[in-house]
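Same chain, two partners: chain A is paired with chain B first, then with chain C.
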Partner chain A sequence: MSGIEAKLQRFAAIADDLEGQLKKYTDQGVKVIGCMPVYTPQELVHAAGMLPLSIWGSEKYELIEAKKYFPAYISSLAQSCLELGLRGRLDRLAGVIIPVLSDALKCLSQNWKAGVPQVRHIQLVHPQNRRIEPGIVFLSKQYKKIAGVLEDIAGAPITPAGLKKAIHVFNEHRAVMREFTAVAADYPHLISPLARNAVIKSGGLMPRAEHARMVRELMAECRAEPKEPWKGRKVVLTGMLADSPSMLRILTDYKLAVAGDDVGQESRQFRTDVPDDPDPYRALALQWANIEGCSVAFDPERKRGRMVADLAARTGASGVIYLLTKFCDPEEFDYPIMKKEFDRAGLPSVLIEIDQQMRNYAQPRTAVQTFADMLG
Partner chain B sequence: MPVLLTLGADLGSTASKCVIMQDGRKIAAQTTIPVGAGTSGPSRAIAESLAACGKNLADMHMVCATGYGRHSMTDAHMEVSELSCHARGAFFLFPKARTVIDIGGQDAKVLRLSGGRLNNFVMNDKCAAGTGRFLEVMAKVLEVETADLAEWGAQSTAPVSISSTCTVFAESEVISHLAVAADRRDIIAGIHKSVAHRVAGLVRRVGAEPLVIMTGGVARNAGVRLELEAAIATPISVSPLAQFNGALGAALLAHDRLLQQL
Partner chain C sequence: MSQNPQETPVPAKTLLANLAANAYSDAWEAKKRGEKVGWCASNFPQELTTTLGVKVVYPENQAAAIAAKGGGLGHCEHAEGLGYSNDICAYARINLAFMDRQSCEEMNMPMPDFVLCCNNICNCMIKWYESISRELNIPFILLDVPYNSEFETDDDTLEYMWAQFQYAVKQLEEITGKKWSEKRFKEVRDISLRTSRAWLKAAGYCQCEPSPLNGFDLFNHMAVAVCARGTVEAAEAFEKLAEEYAQAAKEGASTYKGEQKFRILFEGIACWPYLRATSAPLKENGVNVTATVYATAFGFLYDDNPLSMMRAYTHVPNAISVERAARMRIDVGRRNKIDGAVIHNNRSCKLWSGIMPEIDRRIQAELKIPTVTFDGDQADPRNFSEEQYKTRIQALVEVMTENKKGKKQ
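Up next, the complex of A and B:
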């Protein structure tokens, strides 16, 4: 096994084991705070001396307990996050931050309070008037309030200097991840769509500085290899979630490499740095104001479609695969606008509905195979 | 040069279809068995087609599998998605086709062709509404053969409204209509309208650019076709080979592959 393969297996093992990672760090005496989709101020958790653990549901459990709280037509991502809590799989968490950026997440937040009282619930309300001063002030105050709760859990203060240091660590990690996505696009013969996702996803399940170091080592090994012409096609992925191994293997089966992404769990987490500001809470609030092209961050100009088309042009992708998480309203609302942008740019695209608990991928396989044929 | 024989097998969810072609131009045999992937249907359809033209599988220069069960056909030299096959078959039957509506047993698809090339498509979501399965379920509730639905629906004078687009809820709705002694012919006409409106939504997503053609088993149901024509305000052409279109496309793509290899 090559060094690259061994490293990719390590990332895959971490990405696939949310509960194992939680156990590993809590066994070491580290307090861990769960961070639910889509955006949370993980820097605050780090500054309090705790580990932020990104939770994006799980394919592993059938939705049974969550059905007591959710109707069937709610995003499986929100249901799956609640299922983990209701089954007691996250009891080792010292707390969980739940943003309320969609109707499903609002329900997740309140259902968590009712159904998972053993894991302290920390609510986060993002302002959608995020670029005007009152919105920035409101969010700064939200973050200060959350910092107070985190200080209480950690039993340690969050100092301005400590928070600035945390921001630096996370911005460095973001830069490394942006660099990684470019390397993955350059070396599709070494980094499959599944491996690419595992490298990114694992970053939310371990200390960021350690992850950045591992990713740098991987990139160095990849760069030591010759680039090879890709015999298939390259695509851009967009959607909230693209971490299903079955789905990602289908892309590999039809020689589709990921040239870039606009996925909620992936690049949207690291494409916007926290800017410099003397007040670190305001800096965190400004990051939310600066986010572009995300379905849960209100944008009257609806730039997301153009951004994805530009990304495809920049990365040499010949098509876009829109992985729509079933019943994820914000993503559904964006699709028709984005589709028009793709058509205007002459960019082939395909919409594929996915569900975290899907077991039969026959229809997505047919759609991907046909799309690959179409791209030629 | 010997005659090039290619076999296309469309192993669908509800039926197995097989077409054997000579030189990519002439249909030598065509067979359909009304059971699909995972049953005896695929092997029976292939065996009957071969028998119809007095050939063995070994005589086929290229075999292409398509449809829901395409991955399970070990004798195939190639497997292609049913959408690509329907595009190829449609271009053969109607060279001017721009929009292909394929309603199969399990899903519905709309394809956009340009010069015979597939350049856009949409599929229905994972739901039986608007598919052949929906019609089968309704036929069973109404105690009518699926093949006779069109004839019954044509006799309707006042179609009932089937408001639900979900198979399970629509079934309850049909039972409610039966309970109040609604005429079966009117219920069937309402069902055709319901399927047509569901599929019309898909058609609008790619645009109903003429020439519009319809393929798949449901194309044989004139009731659905007429309602669909009304819903998209565009005439729809249907070939007598509509149900074989996927298998035909597979046989043609197998021939295309052979030519590339020569």
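Up next, the complex of A and C:
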């Protein structure tokens, strides 16, 4: 096994083991705070001396307990986050931050309080009028309140200097991850779509500085290898989630490499840095104001379609795969306008519905196969 | 209200029907005069547009009317043809179809020059209005109401909302060229308060035994509470409605025909394509709706402090925590003496339905009453089964009957 393969296996093992990571760090005496989709101020958790653990549901468990709280037409992402909690799989968390950026997430926050009282619920409400001064002030205050709760849990203060340091660590990690997506696009013969996702996803499940170091080592080894012409096609992925191994293996089967992504769990997490500001709470609020092209962040201009089309042009992708998380209505609303943008740009695209409860991938396989054939 | 004593008094329900229609004809006339007309979310603080004298129409209201008149399916399918998933709220799909077609047989309304959005109903509303704003290239005015996980609304939220309200005033002044008047704002708040009080008073007669109204009447009358809350005519019409109910209560009369054997909470948005199908099985079994939080959600009470007005807009059913939402149902259920509850598992409304199982458990535990849930949709007719509904009502009636026997013994 090459050094690259061994490293990728390590990333995969971490990405695949949310519960194991939780156990590992809590066994070491680290307090861990769960961070639910889509955006959370993980810098605050870090500054309080705790580990922020990104939770994006799970494919592992059938939705049984969650059905006592959710009707069937709520996205499986929200449902499986709750299922983990209801099954007691996250009891080692010292708290969980649940942002309410969609209606399903609002329900998740309430059902969590009702069904998982053993894990402290920390409410986070992002303002949607996020660019006007009252919105920035409101969010700064929200973050200060959350900091107070985190200090209480950690038993340690969050100092301005500590928070600034945390912001620096996270911005560095973001820069490394942006670099990694470029490397992954340059070396598709070394980094498959599944491996690419595992490298990214694992970053939310371990200390960021350590992850950044691991990713840098991986990138160095990749760069030592010759670039090879890719025999298949390159695509851009867009959607909330793209971490289903079954789905990502289908891309490999049809020689589709990921040139770039606009995925909620992936690049949207690291394409916007926290800007410089003397007040670190305001800096965090400004990051939310600066986010572009995300389905859960108010944008009457709907720039996302153009951004994805530009990304495809920039990265040499010949098509877009829209991975639509079933019942995720922010993503469902974005699709028709984005499709028009892709058509206008002459950019082929395909819509594929996915679901964390999906067990049969025959339909996505057919869709990907047809799309790959079309791209030639 | 001026009325010639020689003439037969016009019943409140006629006044209300006319007012609801007028709200739309006023908007058409304004449009013809060259004024800017908006599309507005139902729970947006109407005090803003009424003060400025800007005419708006309500897509949710229109979608409900289209659905009630049988046009839901055609519109939903048209929107799906445009690429909108059939998982998306049917009000949104109907409206986005209307936006594309720009007219319909069931209920026309003028096309918008701007949109006014308020997400105290849901965040789906933001996405829906983003699509309108982008497709029609028109300004978007957002009043963001942060979802409240606590029981009370904190000052940070109220201050943020009030700052946005003031920002929205400026935006709307620029768009329409109309000028804000503090004096008029005060008048509008006073009138709106009067309307809200009268509406809540009228709905409050559901507490009487027997109730002087068929609870489904509230679904018909609420359009005025949505569209015309800031007008004197609306206040007067609801005051008249309350007077009529008071008189009927005194006489033991009711718009509910037949014996009222059971009193229930009808939980959720009305199933507009099936108003008759959802009301008939209740009537056949002597069941009257005496409690709902949906219709009365459009009664906003506040004092002179602007933050108080903002607070009222944070207490609408979909903007509140599970604790407050459950309390709202339990309180109205207790006050209006319900024997059971029928819960609409509404596929269109993820937010409402997404915490309903927990609220259901709390209602049952605290009020010790039976509840049944049926699958439906506020506007897409494909998501309702008449047979399932009838069976569920039958089951509810059986338990309520047993409970009554038990009480007598």
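We adopt the following convention: the second predicted complex is superposed on the first by the 376 of 376 C-alpha atoms of A that agree within 3 Å, B and C clash if a C-alpha of one lies under 4 Å from a C-alpha of the other, contacts with A are read in each partner's own complex, and residues count from 1 in each chain.
Here, a residue touches a chain if its C-beta (ideal position, glycine included) is under 8 Å from a C-beta of that chain, and two chains touch if they have at least 3 such contacts.
Note that the structure is predicted; figures quoted are calculated from it, not measured.
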TODO: On the superposed three-chain arrangement, identify whether chain B or chain C touches more chain A residues.
DONE: C
Open item on the list: Just checking: does A:Pro348 make contact with chain B only, chain C only, both, or neither of them? Give me first, second, both or neither.
Closed with: first
Open item on the list: Output check: A:Asp373 vs chain B and chain C. Expected answer is one of first, second, both, neither. What do you get?
Closed with: first
Open item on the list: After the superposition on A, what does A:Ile337 contact: first (chain B), second (chain C), both or neither?
Closed with: second
- [ ] Have a look at where A:Ala362 lands relative to chain B and chain C in the superposition and call it first, second, both or neither.
- [x] first
Open item on the list: In the overlaid three-chain picture, which partner chain does A:Gln110 touch, first (chain B) or second (chain C), both, or neither?
Closed with: second
Open item on the list: Just checking: does A:Met177 make contact with chain B only, chain C only, both, or neither of them? Give me first, second, both or neither.
Closed with: neither
Open item on the list: Quick check for you: in the superposed arrangement, does A:Val125 touch first (chain B), second (chain C), both or neither?
Closed with: second
Task: Contacts of A:Val96 with chain B and chain C, given as first, second, both or neither - done: neither
- [ ] Pick out the shared contact residues on chain A: the ones touching chain B in one complex and chain C in the other.
- [x] 326
Task: Footprint of chain B on chain A - complex, ascending - done: 326, 348, 350-351, 353, 362-363, 366-367, 369-370, 373-374
Task: Residues of chain A defined as touching chain C within the complex - done: 68-71, 73-74, 100-104, 106-107, 109-111, 113-115, 121, 123, 125, 127-129, 132-135, 137-138, 141-142, 295-296, 298-302, 324, 326-327, 329-330, 332-337, 339
- [ ] Could you please specify the touching residues of chain C with respect to chain A in the complex?
- [x] 82-85, 87-89, 92, 119, 122-124, 126-131, 133-135, 140, 142-144, 146-150, 156-157, 159-160, 163-164, 167, 321-322, 345, 347, 350-351, 353-358
Open item on the list: With touch defined as at the start, can you tell me which chain B residues reach chain A in the complex?
Closed with: 68, 80-84, 107, 117-123, 125-126
